[in-house]
Structure formats: C-alpha cells, structure tokens
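Each of the two complexes below includes subunit A, the first together with subunit B, the second together with subunit C.
Then we have the complex of A and B:
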C-alpha cells in the first residue's frame, strides 16, 4: 500500500514515560490537524512519522517508505519543528541554501530553489540578514521555508502558526491550502482550535498518548453519542417552534436566543430532527437557517478531552 | 471532502552523490573556523617547525656550508629519529589545534537543538559525525603528515633514490602515525563536546583528559607501585605506538600491542558516546 501515512500499532516509550500508545492511523492527503493538550503526544507522533525517533513497537510507512529509510523519506518529507533552533551566524538565505545542499541538490539548483522558498514565505527583503536578528514571526517563516524548500509531498509542521501576526497567519494558511490542493499531505499541530477547524480537512485528537478520535470533524461528532447534538435555528417565532418540537420524544433541551429570533436545541437524534423540521417549515414558521452548533473541533475537543487548555 | 487537483510535481533534477554530502558540513565548518584570526594565526604558526626541519635537511646536505660555520656534518642526521621528533612536535601542535577548534564543531548544534534540522534531510548520524570530523581530519593532516611527507620527498630528492627506497617505510609510518593521532583527537574532541554541549568546557575537558589523565596515571603508578597507570595517559600510549611505527626504542613500560589495544578502547568509547549523544532528540530521564 503506497498511499498515505500509515501507523500500524505504533507505541513509543521514553524509558517509563509514554509517548504514544497503540496508534493505528491512516492519514490521507489534504490538511490534517493534530489536536491535543500539552504532552498528549502530538510532537512524538510527528517525530515518529519523520523518523527522528524510532517506535518502541509497530510500523510506520510514509507513502510506502519506511521511516528509517532517510535517503528516500526526506525527498518526500519536509519537517518544521516547534523549536526555535538555528545554527549560529547564518543569514536566512544561507540557512535555506545550506540545508538544501544537504538534501543533495546541486549548488546552482539549491540557490534557485532557496530563493523560491524564501519568496513563498514573503521573506525576500530579510533573506540576507542574520537569523539571529529576526523577529519571532520571521523565524517561524524561515523555518517554514526550510521545510518547503525541497518541494516535499508530505509537510509536517509543528505549531506552524505560533508567533505569526494575523496577516502572516492568513498567508501561511493560504500556502498550506495550496499545498493540500496540489495533492500534498500537510500535517499541522496546533493549540488554536478555531484555526485547526478552519484549515483542516480531517483531525486527529490525542490525549495522554492515545488517539481519541480521527477523521472529518462532522463524522467524529456524529460518533459521540453521549452528547446530544446542538442545532441553532434562526426563525421568526422561536417560542412556537420550541413548543412544537417538544412534542417529539427526541428533543432534550431548547433555549431561546438573546435577540428573540433564534433557538438553540439539543437533540438525541439529529436525522429524525431534520426530517421533522421539513414538516414544521410547511406549518408557517419562517426558518432563516439551520446549522449544527457543535460539530467543530472545539466542541469535539471539549467532549472527548475536556476543556483544559482550550484556546478559543 | 476537498477536491484535489493533484498538481504536485516532485523535484526531478540531478542529485549530488550521497557519499559526498558530508562535504557540505565540512565546507561550512571550515569557513567558520578560519573566521577567527587567532585560529588562522595558530594554523600558520604550526608550519614553523616544518620550516626548521626543512632548513635542517638542507644543511645536512650542505657539508661545505656546515664546515664553514664549524658544525660537524654528523650532528644533523636525517633518519627515522629525525621524523619521530618531527611527529612528536607536530603531534603536540595538532593536540592544541584540536583543543581550540574541535569543541566548537558539535556543541553549538547540540546546545541550540539544531540536530533535528540536519536529520530531517537524507543525512544520517554517521554522515553528520563524518562531516564534522573531516574538518579536524583535513586540518590536522595539513599540519602533520602532509608537511612530513613533503619533508620526506625533499630529503629523498637530496639523498637519492637509494635512500628513498630504503627508507620508504618512514613515509608510511609518518602517514599512519598521523592518522591514528588525528582519529583519536577528533573522536575525543567531538565526544567530549557532545557530552558537555558547551564549547569552552569541552575544550577545558580535552586538556584535562590529556594532562590530568597523565597526572592520574602517574599517581596510580606511584601509589600502587604498578605500571597500569600509563593506560590513563593518552600521550604516553600514542608515543608507544609511534615508537613502534618509527622503529625507535626509548624503553617504554608498556608494549606497543598493549598501547594499540588501549587506544582502540578509547576510540570505541568515544564512538559509543557520540552515537548516544548525536541524536535528533535526546531522551532526558
């Protein structure tokens, strides 16, 4: 099987400390968000898929390549660590250029590609300055440039949006989307859940070294049966609508929105609820919109992991 | 579900040979070394003794000039002892050069946590160590066996083909003795700098291993009335191996074979330490 990033029963222990345990994953192309509290194993998972740490047990394959085959693996993988670590004395350009030479690119080609990568992260003006003089956001961008420079098919980015201003964030997100749209695998870890929600095609939720959930957010949300689905309805007569809805047995809770034109409902059976709504709409209540209120990463995170360390 | 256009195209240009990639590290590290004027000055000073030797070789073949200044011709003899002394002097300079240049090769990368940057390329730990040690290897070669072989060639050109053929083993000994010393110094310097991760401390530790090791070994010999203390004295061990290579007998307390084994043990220990420390991520227990 040559497609995707595959973890087969992977565990990693640092001595007696658990990194990740019994991870079985198949990560498809597109943007995948890794979400979890501090110490949940996000960075360990990234280090495992880039071969920087070896699993204590299990097997990992990245597009059919074993992670200990660094010669072939790092032609396909670009990794940006979360650590602010750079060799001393190098300018932004030298940093990208020297590491491109390490990948086996000829000096002429490395120079051209390095400038391309620097241009992609909008650092052309600062490329000849020493990295030591860069701001935090610029360091983050040059780190992204080194991960992108050799045009990898798999981009593994540990907290890539930390320290970036809103404009730079949106530029970087556009960059990730462009890579994903080209068919690449972009794996991003982040604490900023609303950004993960916006960016990701699928998420992997980790807690205490275990994968708690994986897949598209809506699918994950549908699997969480113990929490009733929340639905927000904007309509002209929310009280009447609530009264009618409570006649069915699958309704649990309803609250009227502050502006008096909305209704937040909790239901055990979303499918039957939507069917019932079709009937109610015919009964003269003008419904402006119906939208799920808790099928985002934040809600899923709160349901599955708890609300510790949630960044809204 | 997003719809992907699958327009990704990987790099399809030519690649440099994998075996040559460690030279990238060599290039950058060497350039960094020679940014220091002190380092450059010391490097130049290392050629003072080879120039003195060159003058001695010239004088040894200028009997009329020696007679003119009243020095007996037999006082300057160009033989295995001459090259053994040359090796001793250049060996000390190589050690000082290593103490100056060696610790700065690995420790900044470890201290800055920059190793993941190297290892998320098609670049192994062995290649990293090879790249860094090649800096010392070539630098120390330039002050040990390269001038030694040049002196041998000059002597051979003065003394003739017969002398050159009879003493060809001296050139081999020069190269082998230098390479062993370079390997030990490089590995020791890198292992210590990987261990302490602090350039200055690593430099001090290298000096300590040499000088305190010798002192400790001597103390062991005196207190325990034994000769095993010499195994703690790296310079003594090396000199014992050199004596064997240059066919010089200065009456060492340990045999050449024992010295070889002790040096090999030191080398393996340094390699083990390097392989434990040079990793993308270190597990802190």
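Then we have the complex of A and C:
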C-alpha cells in the first residue's frame, strides 16, 4: 500500500504548549517545502511523520506504515534532523557505518554503502576524522549522508542547507532533485524562502501550529483573493502602456518601475487581464516580457503569515 | 529471535561497549571494582610478611617445633615445662606490674609473653609469675575464618555497594545518558524495534558489568588464596570447597549484574535524576529483611543472599537489628533463588520494553 504521507486530524501538544493542531495533509512524491517561522511547527510535523514524537490526537501513515512501527518505517524513511549531537567518539565513516549496521546490513555491505553515502555528500576526505572536529557544514553533510545512506523512499530533511557554503548548497539541491526525480518523497523545511521557492514542487505553509496553505505555489497564490495579483511588464514606454491599460476594468493599480523600463501593476483577475491586454491596441509599444511578480513563496508567505522572520 | 534482530543487537552491543568501556565518566566504576581487590592484595602482603616473620621465628627456635608440640601447651603449666617442650622462646617480652593488694600493700607480678612458631602456625603464651595464663594458637590455615572474612567483604561491600553502584552507573545511563547527550535519536532513526534496541543495550551493559565485576571477583579470589602457602592453598581449593565457592561467587556476581542491571535500566527510563532511584532501591534492598515475605520477593538481595556459599555467623551480643541484616533468616533453595532473580529481571525488562516504546525525542523538555 503506497498512498503518500497522510496526516489525519493530527494534533500534538507538549503539555499545554501547542505543537501542531488539526493537521490534515496528503503529501505526494516530489519535493515538498515546509515553510513557517520559528515555532510554527515544522520540526514537530517532521518528528511526527518519523515517529520521534507521537501525536496527541489523529493518525499518521507514511506509505501505508504507521509511524510507531519504527522497524518498517525507517526502511523507507531517512531523516536528517536539526539535532546537532552525535554518538561520542565516532568518525564520520563510523557514524554512517554504525547506522547501516543497525539496519541489519552485513558489515561488508555496510562498509561499501557507507563510503557511497559519504561520497554523495562530498565528505570522503574528512570521513576518517572524528565528528567532534567537524565544522557545522560538515556535520550537516554527515547527517544528510546518514539520511541518504540506505536509499530511502522518503527523505525528511530539517533545514538541510543550514551551514552549507553556496557550492555545497547547489550540490545538495541537485541531490534532492535527483531523489525527487527518481520518485522519492523529499520533505524539506526551511525558513530561507527563496531556496524553498527554487527547490519545491509544492509547499506547506505553517503558522503557530496550523497549516495555513498547501499545494503548488501558484495555486496557493491564486487562492489568496484579498491580495491582487502583481504583474511586471518590461517595455520601452511604461507610462503610455499604463495609460492604455487603465482602459481595462481588471487593472486596479499601476506603478512605474524604478529603472523607468517597466510597469508593475495589480489585478484582481490575472487571466481576464491577460485576455483584455491582447485586445488593446498598443500603438507600437515594445513589450519585452510579462511575468507574474508575486507568485513565489516569499509573497505567498508574506500575504498569509506576515513578514516576520522572512529570510530572502 | 530472528536473525535480523540478532544482527541488530550485535550492532548495538558494539556501539555501546565502546561508550561503556572507554568513557571517562565511567572510570569510578573501575575504581569501585578495584577496591576489594586492593583490599585483598593488601591483606595478602600483610599475611606474606606475617608468614615471613613466622618462618624467621621458627628458624630461631632451639629445635624444630611441630604443631603437636605447640598444641601440648596448656594453661597452668610452668615456664620450665614450656621450655622443656618448646625450648627457649625465640621472642619474649618481660615486664613487672605492681598490683595493689591492700590499703598500703602492693604485690609485684612478673609478666612474660612468649612467641613460638613452627613456620606456619604461631603460638602466643602469656605467663604470670612463671605460669602459663593465656594460650593463643594462631592457625595458618584457618579456612573457616578466612572464608567468613571473604564472604563479609563480598556480601557487604562488593554485592551491596560495588556491584550496586557500578550497575547504577552503567545501566542508568544506557538511555538516560543518551537523552542528556541528546544523541538518542541516532538509534530511534534506525529501522530497529525499540525492544530490540533495549535488549541490545541491556546485553551491552551486562557484558560490561560482568567483565568488570567478574574480573574483580576473580582477582579478589586470587589475591585471597595467595595468602596461603601452596600446600594450604591446594587443601583449601580442592578439599575445602574453595574452588566451588569461588565459582559460586562468580555466578552470584553475574546474577547480581542481571538483577541490578534490569532494575537500573528501567529506573533510567523513568527518572532524570539518578540519586532518587538509587536511594530508593538502596533503601528497598536494605530493608529487605524487615519486609513481609511477599514483598521480599521483589528485591535482588533476597535471592543473592540465599545463593552466597558462606553464611556469616552472628556473634553473640550483636544488636538484633544488625543480626537481622547479617543473617539470612528466610533462605530459599538455589534453583528457586536463580529463578526468582531471573523473574524479577524479566519483569523489570518487560516494564522497560513498554516504556521504551513510549519514549519520544523531546530533548528540550528534558
């Protein structure tokens, strides 16, 4: 039975403190970004789907497996946590090797697979050093190697790009994309919104323990009615274009771009606006590009949650 | 048990043994285990020195003495009779004592101490005015008394304190230590049943404690029998159940590690502060002799006491409270004791397995 990652009316309370409340989700394959400010419930949601914490109410299944069945769950799931502690005295290689031995893999096979996982995160040179001597970025990569080591179908990654340099970030993003392309479920939490925007096929927006939106970012944006859609038109005569566009009933606001070669406008119905624009006589105005300006995660996040702790 | 579980248990044991055997915070356990060994080594050194002195005294005798010669000396014999049998004493001490016998009268008493030896046994004689008053024969091969001394150290220090606190240090940290280090998630993120993880950790703890304390027990025995000369040692080991007793002590040590280990494993899951369960279990074990029969069965010491090969006699005049602590008023048969301790351990492990399934990774609230 394989029906994605299902949350059915899940709540988690830590004593009287709310972790997440009444979460109903069905996470499909591909890359799913978990977005929300600190304390919004991202890590709780990840800990719930990996059985590290038990729901106070509701039911969770990962590819048909209950999260309290750790023996079967972690054959399918790899979780790179934010916990920055490791078993004492282990080298990077021993850490991955020991983990693989715990899965029941033979020692010979575990050794081979451990090196493969370490190579995937480009940590081969440091593999024989103690983890205690690793930099933050190296510790992040060895955690990723652990999550990837047994080739899981579901990858749960809590702030996986934290502490990585730009080159390592792009390598890791490529790795996540490759996993998603291979049919894996990759769930990534981040508060760096432009990264989530670039990586994710779909997003889950969290605020104060509640899921405030989920789905593909464009469809989430379209559902936000109270904020008009913004469109940026690059052209040679933005003032003339603005005058013409105000003839359309769908445009409600326009402003000239700072560089004087573009027009930022707001509309309540983007589809009808595009249709109306086709019918306008533009009198030789040279249009370079027309693109939505606020159907990214950052804008959606700001509209739904506000701009607290947004990292561009 | 299926093959996968066993492979996983072995992986857990390998990881845990590294932490248990070479952890700096566990060094005190080695010290506690080494303490009785040091005691018996010190005892062996003192005894060797004593034997050396005995041999020296024997050499200084006018003629070679036998044990029978020394046993023939009785209180009331005159100094001359003693010297006729044993010769002039190699070591003697004389002094006079004034004793008041009336308001203005004192009597002078001549006191003498003689020390003879046949090279093994020692004879101490106290003489007053040329007559033997006290005879004290010190046997080189006093198995009974030495065995009681060994049993006392085993029961009241090694079993109740060294193994008890050693197990506390190792077993309580199996889960609690990882929660404090925030590294328990490493295990919880692997495809391993929590019960299998618990079994692996328990066996690792058991292997560590058994290695430390059985080694200590064997070294204690070696140091203890070292005090006997080779002939006496053979006599003690092969004809006075010495070897059998040593094996039983090793067995009791292993059973103590199982029993206390299971107790402290479960305690480590329920308590953040080890002092509370340690004090509770120590008191519970301490008051065991005063408990009703049904409650006695839920302690470890109750079974261990019944398995100890040498019973410690209660000296006349010992306060009844202490007498109750020393004696085993309600002994049970060895098979029942072994079964009982394994049953108590099984119950504790069952509670642990239920608790480990409920454990969550929530370091921030710890």
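By definition in this document, the second predicted complex is superposed on the first by the 308 of 312 C-alpha atoms of A that agree within 3 Å, B and C clash if a C-alpha of one lies under 4 Å from a C-alpha of the other, contacts with A are read in each partner's own complex, and residues count from 1 in each chain.
Heads up, the rule we're going with is that contacts are C-beta pairs under 8 Å (C-beta built on N, C-alpha and C of every residue); 3 or more make two chains touch, one makes a residue touch a chain.
Predicted model, so just to flag it, every value in this text is computed and none were measured.
K.L.:
Have a look at subunit B and subunit C on subunit A after the superposition and call it: clash or fit.
P.N.:
clash
K.L.:
Output check: A:109 vs subunit B and subunit C. Expected answer is one of first, second, both, neither. What do you get?
P.N.:
The first partner, subunit B, only.
K.L.:
If you stack the two complexes on chain A, which partner ends up touching A:180: first (subunit B), second (subunit C), both, or neither?
P.N.:
first
K.L.:
Answer with first, second, both or neither: which of subunit B and subunit C does A:216 touch in the superposed model?
P.N.:
It touches subunit B, and subunit C stays clear.
K.L.:
Thinking of the overlay built on chain A, is A:151 touched by subunit B (first), by subunit C (second), by both, or by neither?
P.N.:
In the superposed model, A:151 contacts subunit B only, not subunit C.
K.L.:
So in the superposed three-chain picture, is A:201 touching just subunit B, just subunit C, both, or none of them (first/second/both/neither)?
P.N.:
After superposing on A, A:201 lies in contact with subunit B but is clear of subunit C.
K.L.:
Look at A:68 in the shared chain and tell me whether it touches subunit B only, subunit C only, both, or neither; answer first, second, both or neither.
P.N.:
second
K.L.:
Between subunit B and subunit C, whom does A:54 touch in the aligned arrangement: first, second, both, or neither?
P.N.:
second
K.L.:
Thinking of the overlay built on chain A, is A:6 touched by subunit B (first), by subunit C (second), by both, or by neither?
P.N.:
In the superposed model, A:6 contacts neither subunit B nor subunit C.
K.L.:
Quick one: name whichever of subunit B and subunit C touches more residues of subunit A.
P.N.:
Comparing touch counts on subunit A for subunit B and subunit C gives B.
K.L.:
Which partner does A:34 contact after superposing on A: first (subunit B), second (subunit C), both, neither?
P.N.:
After superposing on A, A:34 lies clear of both subunit B and subunit C.
K.L.:
Please write out, lowest number first, the residues of subunit A touched by both subunit B and subunit C across the two complexes.
P.N.:
Residues 14-15, 47, 50, 52-53, 70-75, 79, 81, 83, 85-89, 98-99, 101-104, 106, 146, 150 of subunit A touch both subunit B and subunit C.
K.L.:
With touch defined as at the start, can you tell me which subunit C residues reach subunit A in the complex?
P.N.:
Counting only subunit C, the residues touching subunit A are 4, 7-8, 11-12, 14-15, 18-19, 22-23, 181-183, 185-194, 196, 357-358, 360-363, 365.
K.L.:
Give the list of subunit A residues in touch with subunit B in this complex.
P.N.:
Within the complex, subunit A touches subunit B at residues 14-15, 29-30, 47, 50, 52-53, 70-79, 81, 83, 85-89, 98-99, 101-106, 109, 113, 146, 150-151, 153, 179-184, 201, 216.
K.L.:
In the complex formed with subunit A, which residues of subunit B make contact?
P.N.:
Residues of subunit B touching subunit A: 1-2, 4-11, 13-18, 21, 24-25, 28, 32, 108-109, 112-114, 116-124, 280-281, 283, 285.
K.L.:
Across the complex, what residues on subunit A touch subunit C?
P.N.:
14-15, 47, 50-54, 68, 70-75, 79, 81, 83-89, 98-99, 101-104, 106, 146, 150
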